[in-house]
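Below you'll find a set of structures to go through.
Same chain, two partners: subunit A is paired with subunit B first, then with subunit C.
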Partner chain A sequence: MKFWRVYLLGLRMGMRDWTFFWTWRSWLGGWMLRLVCSILLWSLMGKMMGSTETLRYLLIGNAVTAGIGTFIVASCCWDRMEGTYSLLVAAPASLVPLFLGRPSIWAFGWVASALLSTALVSFGFDLALPWKGLAVLPLLIVIVSVSTFFCTAFVGTMVAATAPQARNIANNWLLILFSAICGINVPTAFWPKWVQIVATALPITHGLEAIRIVLSGGGMMEALPQVGLELAVGAAWLIVILCTLDRMTDRARIKGTIDFA
Partner chain B sequence: MSAVRTEGLGRVYVTAERTTQALSDVTLSFAEGEVSGLLGPNGAGKTTLVKILSTVLLPTAGRAFVLGHDVVGETAKVRPLIGIVFGGDRGLHWQLTARETLEYWAALYDVPVREVSRRSVSLLERVGLAAWADTRIENYSRGMKQRLHLARGLISDARVLFLDEPTIGMDPLAARDFRGLVKELKAEGRTILLTTHDMAEAEAVCDRVALIDHGRVLAIETPASLAQMVSAYERIDYDHGDPGLAVALRQLPGIAAVTLQDGGAHRITMTDGAAIQSILQFLVGAGVTSLRTSRPSLEEVYVHIIGDRGLKV
Partner chain C sequence: MRAIMATARMQIRLASRSIESVMPLLVMPLQSVVALAILAHSGRLDLAGYALCAALLLTVGQMGLFIGSEIVAHDRRDQILELLVATPTPYINVLATRTILVSSFGLAGFVEAWLIARLIFGVTIEIHHSGLMAIALAATVLAGGGTAVLTSALFSLARTTRTLQNATNGPFYVLGGVLVPVSFLPVWLQPLSPLIFFTWSANLVRSALAPEPPQDAAFQLGMLLALGAGAALLGVHVMRRMLDKLRHDGRLGLT
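So, the complex of A and B:
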């Protein structure tokens, strides 16, 4: 009860952050336009390679993950920037629902971004995606978003406790990592074995594989093992947050890196 | 029972470049219901002490207790008992309204849901923000933000309040109102520890003042007692046109200085309070008809004890 109360009030603050950043017009005309341009850039590369299969791979990979992974690390650090972090640390409540609540609004935004991008790309490039696959796509995008949220939230809480000034760099590196090795632009099989193992522990990898299965005509049962793995990866990152958040905060208390306002 | 007690408290900051002793062997005790001030220049260790007491920072030596609970070993017991109030613009979520801010912090302090609305309305009325309850904080003036800081610090009904430079940047009227609120809180039996540079503030609201410099407590006294500590520096202001009188006065025993003040009056500063009678007789004998004696303000005590460090930290 207490957890959800704090979580929901954190989420409400996230909504205020959202409206501080975006109007519907700027979200559509700025954010979505940027995402679509990014998808088109990757897809043009596929087109230049002259392979329909590659073009389709890049379009689906970039559209269904459009926006996923953005803003969370920065959002976790905003309390440091606002001078409220020390007040949160000194409050009796657990930091876990706080750090899951406020940033989670951006994960809702990911789902909207990815669904809208997929719809635009699907119509724009006449991908002829199967209806059965499209029917489960929202659920799969939600699952990918949730697992990615826990992973990025872990990085965000770590950066907030140790080096909040590096929040944007950390977020960008994370996005590059996802983009490079999680199967968005390059099949995971391309990479050396050890990179594939790293990718296995990251979000998106398994969920995207499941999405590719259902969007290429495969059944949900066929995709289920990958869905299970994606959920397991998300749960593992959540456990990492639960196990480390207090320790990271205590470390900041020991080192004296928490500013007073 | 002491509301706040420290025993040999110390804190060292270690970075790659340097090691800084921010607090050293600080032993002090403030009683429940007392308004206490921590007075000192920038870098003196005031905020470090408050950070330790509010569980945000761990000490590297000694112990600290709030209402009998160890701030390191019993953190979970200390946190519900304390409220922290910052000065200045930071420490608030600007995108929220005052009402939303109080609801948020009430949840973090586990204030019962049915109680939150009543308490928020009451606090906002008390700090004069009821009419602005649903306005985003980004639209508030500095004084309004400061009052909201105080309301936020009180939402948990904290028994011990730490006020860190609470009136910094406030205009004089807002600062006066704020001090009035502090006095009300004291009347309710709350313990208040405030850090400040402002001598007038410390004199106006504090029962006792701890002077801190270089991480050490130099003195803990009432504002009046601190003034007495330098009663030797008691001064006499006189109006007299003859500059030769100032020269003659400087030859008398017990006089530290005779200086010309703005407005033409001279100020005699003494090194020995017992000399006052003979100096007054000398002035009257020299034909001075307008003179005043006065005690040093806390500001002068501060300068005398800590010295003239200026901006050096």
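So, the complex of A and C:
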């Protein structure tokens, strides 16, 4: 019960962060414009190379993952930057629900971004996506977002602990890593074996594969193994957070390295 | 000249102290990995120069439009705008020096992307017209710095600079055809492209990388410089108006 109370308090803080950055108008007109431009930037490579198959692959990969992974690492660092971290450490609750609560507002935004982007791209490029696939797409995007959230939140807490000034760089590196090796722009099989192994442990890889299956006319049963793997990857990253965050904080307490800013 | 040199030294010192201020140099060239992977997967590494051009322009663009655009906002936040305005050197000289210098840092993106192509994908991208490339790079830096004077002045009036940066950068790159030439954009978008300096810059860089003799290079160079100068002049006007207003309202010390 206490876990959820603290989580919700964190989420409320996250909502304040969100409204500091965006209004509904600037989110729709600014953020979505940026995402659509980013989708176009990559996808038009398919058109340039004269391959409708590549164009479709790039459009789907970039649209259904649009926005996913953004802001999160930076958001995990804000308590450290604002000097509130030491006060939170002094509070009698675990840091885990709070550190999951505040950044999780962005994950809600990811789901909305990806769904809206897919709708826009689908209409704009006349992708004729199957209704059966579209019906389960929101659920799959939620699963990909949750799984990505746990992975990126873990990276965020690590960056907050070690180099909060590099938060935006770390966030961008993560996004480029996802974009390169998780099947968004090229199939994971394109990369050498060791890169494929890394991709298997990352979020998006399996969930996106499941999305590609249902959007190419396959049934949910066919996509189920990939959905299961995506959930397993997300759960594994959550376990890593649960095992490390409070221990890391305790160690920092003992060493006296928790500062006010 | 002394003021310009002192400003440049200050900007270099600022860049060396904050990793955030060189973020695009550490991030944007890596986008070429994605572009080159798409090309390699489709068996079209003959177009690797397009990925190099994109990495270069994205890095110069992000240095100018992202880092450069925050200069005035940061000067206001740090309360040094008042001190700079009070000095006998016009603030606009200080600002333009800093935006052009910051944009020029972006040229490192060219080297980084070239090395990525060579070391990860085993592709050597040749520069067939090195003179044109040098001129194109210099003009791109000037145009990027000039445009950043305008965006820096405009963004400083916003509640959060990052919100505007997020909204404006994407269209600049797509309409400017930094990765895929403008001719592949939807037809209804193409008329907007000549207004974006990246369009001319990308054409020049791609011409310098292609073995064929460049076409219309002088015209494209002229357009690139004219757009950069136009944006800079508009920026000077906006900046003057803003400072006059702050002075008039007696709010300069309280910004």
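The working rule: the second predicted complex is superposed on the first by the 252 of 261 C-alpha atoms of A that agree within 3 Å, B and C clash if a C-alpha of one lies under 4 Å from a C-alpha of the other, contacts with A are read in each partner's own complex, and residues count from 1 in each chain.
We take it that a contact is a pair of C-beta atoms (placed from the backbone, for glycine too) under 8 Å apart; a residue touches a chain by one contact, two chains touch by 3 or more.
Keep in mind it's a predicted model, so treat the numbers as computed, not measured.
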{"item": "First, second, both or neither for A:Gly217, with subunit B first and subunit C second", "value": "neither"}
{"item": "Chain touching more of subunit A, residue-wise (subunit B, subunit C)", "value": "C"}
{"item": "Which superposed partner A:Arg34 touches (first subunit B, second subunit C, both, neither)", "value": "second"}
{"item": "Touched partner set for A:Met49, first subunit B, second subunit C, both or neither", "value": "second"}
{"item": "Partner chain in contact with A:Ala180 - subunit B first, subunit C second, else both or neither", "value": "second"}
{"item": "Partner chain in contact with A:Pro138 - subunit B first, subunit C second, else both or neither", "value": "neither"}
{"item": "Partner chain(s) touched by A:Phe20 [first = subunit B, second = subunit C, both, neither]", "value": "both"}
{"item": "Which superposed partner A:Ala166 touches (first subunit B, second subunit C, both, neither)", "value": "second"}
{"item": "On subunit A, positions contacted by subunit B and by subunit C", "value": "20"}
{"item": "Residues of subunit A that touch subunit C when the two form their complex", "value": "20-22, 26, 29-31, 33-38, 40-42, 44-45, 47-49, 51, 54, 58, 165-166, 168-169, 172-173, 176, 179-180, 185-187, 190-191"}
{"item": "Residues on subunit C engaged by subunit A in the complex (per definition of touch)", "value": "18-20, 23, 26-27, 30-31, 33-35, 37-42, 44, 47, 50, 160, 162-164, 166-167, 169-171, 173-174, 178-181, 184-185"}
{"item": "Residues of subunit B defined as touching subunit A within the complex", "value": "11, 13, 47, 50-51, 54-58, 76, 79-80, 82, 84, 86-88, 90-96, 100, 103-105, 107-110, 113, 164"}
{"item": "Subunit A to subunit B touching residues, read off their complex", "value": "2, 5-6, 9-10, 12-13, 16-17, 19-20, 82-84, 86-93, 98, 250, 253-254, 256, 258, 260-261"}
